[in-house]
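There are two complexes below, and they share chain A, which is joined by chain B in the first and by chain C in the second.
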Partner chain A sequence: MTINPDEIILLQRGWFVINATILFTWLVMLLLTLGSWLVTRNLMSEGTLSRWQNLLEVLVDGIREQIREVSRQDPGPYLPFVGTLFIFIAFSNIMGIVPGFITPTSSLSTTAALAICVFIAVPVFGIARQGLLTYLRQYLEPSFFMLPFNVIGELSRTMALAVRLYGNMMSGAVIVAILLTIAPLVFPVVMQALGLLTGLIQAYIFAILAMVYIASASQAQRQLEARRRESKWKA
Partner chain B sequence: MESLELIGIVSIVTAGFTIAIGSLGPALGQGRAVSQALNSIAQQPDEANTITRTLFVGLAMIESTAIYCFVVTMILIFANPFWNYLIG
Partner chain C sequence: MIANWYTIVFQAINFMILVFLLRRFLYGPIIEAMDERERKIVQREETAASRETEAEEARRTFRQRTAEMEARAEEFTQEARADAAEKKRALLEDARREVETSRRRWQEALEEEKADFLRQLRVGIGRGATSVARRSLADLADAELEVQIRRHFLSRLHDLPGEERLSLAAAMDEDEGRVQLRAAFEVPDRWIGQLEETLRATLGEPDRSMEVHRRVDPGLVCGIELETGGHRVAWAIDSYIGEIEEELIREVEGWVEPDSDEEENDHDAK
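Our next item is the complex of A and B:
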């Protein structure tokens, strides 16, 4: 039993290595891109929609609605990043039910890469929205002595994001593998079904947490102003 | 006793304790969180959407502590660095 799909090496030419994680990530990317291209090739705005267009519209509209509710802002600028995170993770988790498919999210490399994307996206969105100085000032909130704790919090939540997704997906695979040796008839299927549920919830949570982090980085300005107004009002 | 045996024994026992203690706390915490959320939904059914979303995010946060313990357990059993050092 392996708890790391990075160790399954499919092709090796010198320093150039293709392992299971890379292969199945490419497969997911290919399926998603190809599917979206096929669906959006001929879009209709009236008459009966094709079922695939309907599916995509429901998906995109749902993501927009969730982003609007969480961030209380216009979802436009965040939709590409957060939506891509959600669709990629959800699709690769669901594909785990296909026999022979090794979920790329059950490798720590993939989840760490996704978490680092969030880690970089937070300051990018924050600075783009409220400027460099205002963004940096929020590390000094509520006082100067909190600076190291703010920095540590930023790093540790990135690690938590990666390990949470990896642990959930890897535990699903490990439990199924253990059950296969104990009770191979029906029970693995039940655990796989449970794995589908946890996979979707984890994808949702990853996207929502990314959105919460980005929103908190780009909302500090407004909170600061509100606090200032409040203190002025008190004085 | 051989140091290899010792490492094996300690790793397995520690793995058991890790997952046992590490799942205890999050289980209690999640139970509290869910019961509070159900109370709130019963009192304010209109806010069920917001409460459910926040509940899921909170549950994931609580659960991640259990997941950390699980990952440590898996490392101890399947990818133990000290064991691998002595074997290799």
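Our next item is the complex of A and C:
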């Protein structure tokens, strides 16, 4: 049994390799894009909405509400990034129930890539929101000596993000595989149903955590400014 | 190694592409459609609000107009009532006047009728009384009375006042001495001679010629009448009877009048 889908090489031309992770990622991307295009091709702004448009509106609006609740900010700029994280992970995990489909998120490479994306997105959003210097200054808070700890914290949470998702997805696949050898009937189905739930929860957790990290980058700055204003008043 | 950097980079790029694709095909159109719907809802609400305002305005105008019309109707009703009352009053007045007029007319007619009746009654009574007198006088008349009447007539001629004598003479001249004598009884020739003598003496012309034509007229009750050239000298019991008649009628009126007043009062009461 192959635990790592990265190792399933489908095509190799010199350094260019297409493994199962990449292929199934493309498949997910294709399905999502195609589905979105088909639904949003003729949207209705009034009258009776189509079933699919309704579903997508509920989904997009739900994500926006979650972002607004977590960040207390306008969800507009964060929606494409955080929403895509959720949709991609959730759809990949759900597709895992299809026999023969290898979930891309069960590869550590995918989860690490997503975590790295978050790792990059946090400073990008932070700097875009409050400028480079203001953003960098928060690594020196509360004092210069805390800089290494802040950096380590940043790195470790990125790693935790990647490993958490990978571990959950991997374990789900592994448990099903193991159970199939012990009790090939009925029981794996239950586990797979549980896997669906876990997959959705993990997608939610991943997206929310990413949002929290991004939001904290700007909120920290705001708290800092508030504290400064308070000290000025006291003086 | 569980993860390889090649796949990690590939997947990161894939993810970024997916972010772009979903932004292009999912979030953009969906959010736009939702915003568009929200805008339309807001617009519809605004339209509804403005329509409601318009409806409210229209309702207020309608109510105001209704109130105005009611007020006008009330005014018209009042006017109509006042007109009707005025007309009724006028009609009543007219009717009263008419009734009054017809009553007066009736009263006048009644009065006239009554007066007429009374007149007839008086005349009837007078005539009845006098006819009784005449008949009794006619019954009583005899030669002696006739002699007395003739004598009395002659003495009357003899005692004519001065102006009447002159006018009698003039009338006689005008008629060329013709004298008409009417009497209720036969007059003897002898007495005609006396009459001529008396006339001549009265006129103071002893030579005057005259021609006396006599005629018996029973209508003259115990009387004699001389007529010439439109001048007339007469004596008759009739003239006395006429006086008696007038006296009698006056007397009758005196006892009839109070009764008529009573009748009038009775009519008013009715």
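Methods note: the second predicted complex is superposed on the first by the 231 of 235 C-alpha atoms of A that agree within 3 Å, B and C clash if a C-alpha of one lies under 4 Å from a C-alpha of the other, contacts with A are read in each partner's own complex, and residues count from 1 in each chain.
Simple rule for what comes next: contacts are C-beta pairs under 8 Å (C-beta built on N, C-alpha and C of every residue); 3 or more make two chains touch, one makes a residue touch a chain.
Please read all numbers here as calculations on a predicted model, not as lab measurements.
Engineer: Check whether A:F88 is in contact with chain B, with chain C, with both or with neither, and answer first, second, both or neither.
Structural biologist: After superposition on chain A, A:F88 lies in contact with chain C alone.
Engineer: Applying the document's definition of touching, compare chain B and chain C: which contacts more of chain A?
Structural biologist: Between chain B and chain C, C touches the greater number of residues in chain A.
Engineer: I'd like to know which partner A:E57 touches here: chain B for first, chain C for second, both or neither.
Structural biologist: In the superposition, A:E57 touches chain C alone.
Engineer: Touch check for A:I116: first (chain B), second (chain C), both, or neither?
Structural biologist: second
Engineer: Applying the touch criterion given at the start, work out whether A:V174 contacts chain B, chain C, both or neither, answering first, second, both or neither.
Structural biologist: first
Engineer: Which of the two partners, first being chain B and second being chain C, lies in contact with A:Y78: first, second, both, or neither?
Structural biologist: neither
Engineer: Is A:A160 touching anything from chain B or chain C once the two structures are fitted on A? First, second, both or neither.
Structural biologist: Touch status of A:A160: first partner only.
Engineer: With the two structures laid over each other on chain A, which partner does A:S36 touch: chain B (first), chain C (second), both, or neither?
Structural biologist: second
Engineer: Taking the superposition as given, does A:Q202 touch the first partner, chain B, the second, chain C, both, or neither?
Structural biologist: The first partner, chain B, only.
Engineer: After the superposition on A, what does A:F125 contact: first (chain B), second (chain C), both or neither?
Structural biologist: The answer is neither, since A:F125 touches no partner chain.
Engineer: For chain A, which residues belong to both interfaces, chain B and chain C?
Structural biologist: 4.
Engineer: Name, in rising order, each residue of chain A that touches chain C in their complex.
Structural biologist: On the chain A side, the touching residues are 4, 6, 15, 17, 19, 21-22, 25-26, 29, 32-33, 36-37, 40, 43-46, 53, 56-57, 60-61, 79-81, 83-84, 87-88, 104, 107-110, 112-114, 116-117.
Engineer: Would you mind writing out the residues of chain A in touch with chain B in their complex?
Structural biologist: Those residues of chain A that touch chain B are 1-4, 66, 69-70, 160, 163-164, 166-168, 170-171, 174, 201-202, 204-205, 208-209, 212.
Engineer: Over in the complex, which chain B residues touch chain A? Could you list them?
Structural biologist: 49-50, 53, 56-57, 60, 63-64, 67-68, 70-71, 74, 78-79
Engineer: Quick one: which bits of chain C touch chain A in the complex? Just the residue numbers, please.
Structural biologist: 2-4, 6-12, 14-19, 21-23, 25-27, 29-34, 36-37, 40
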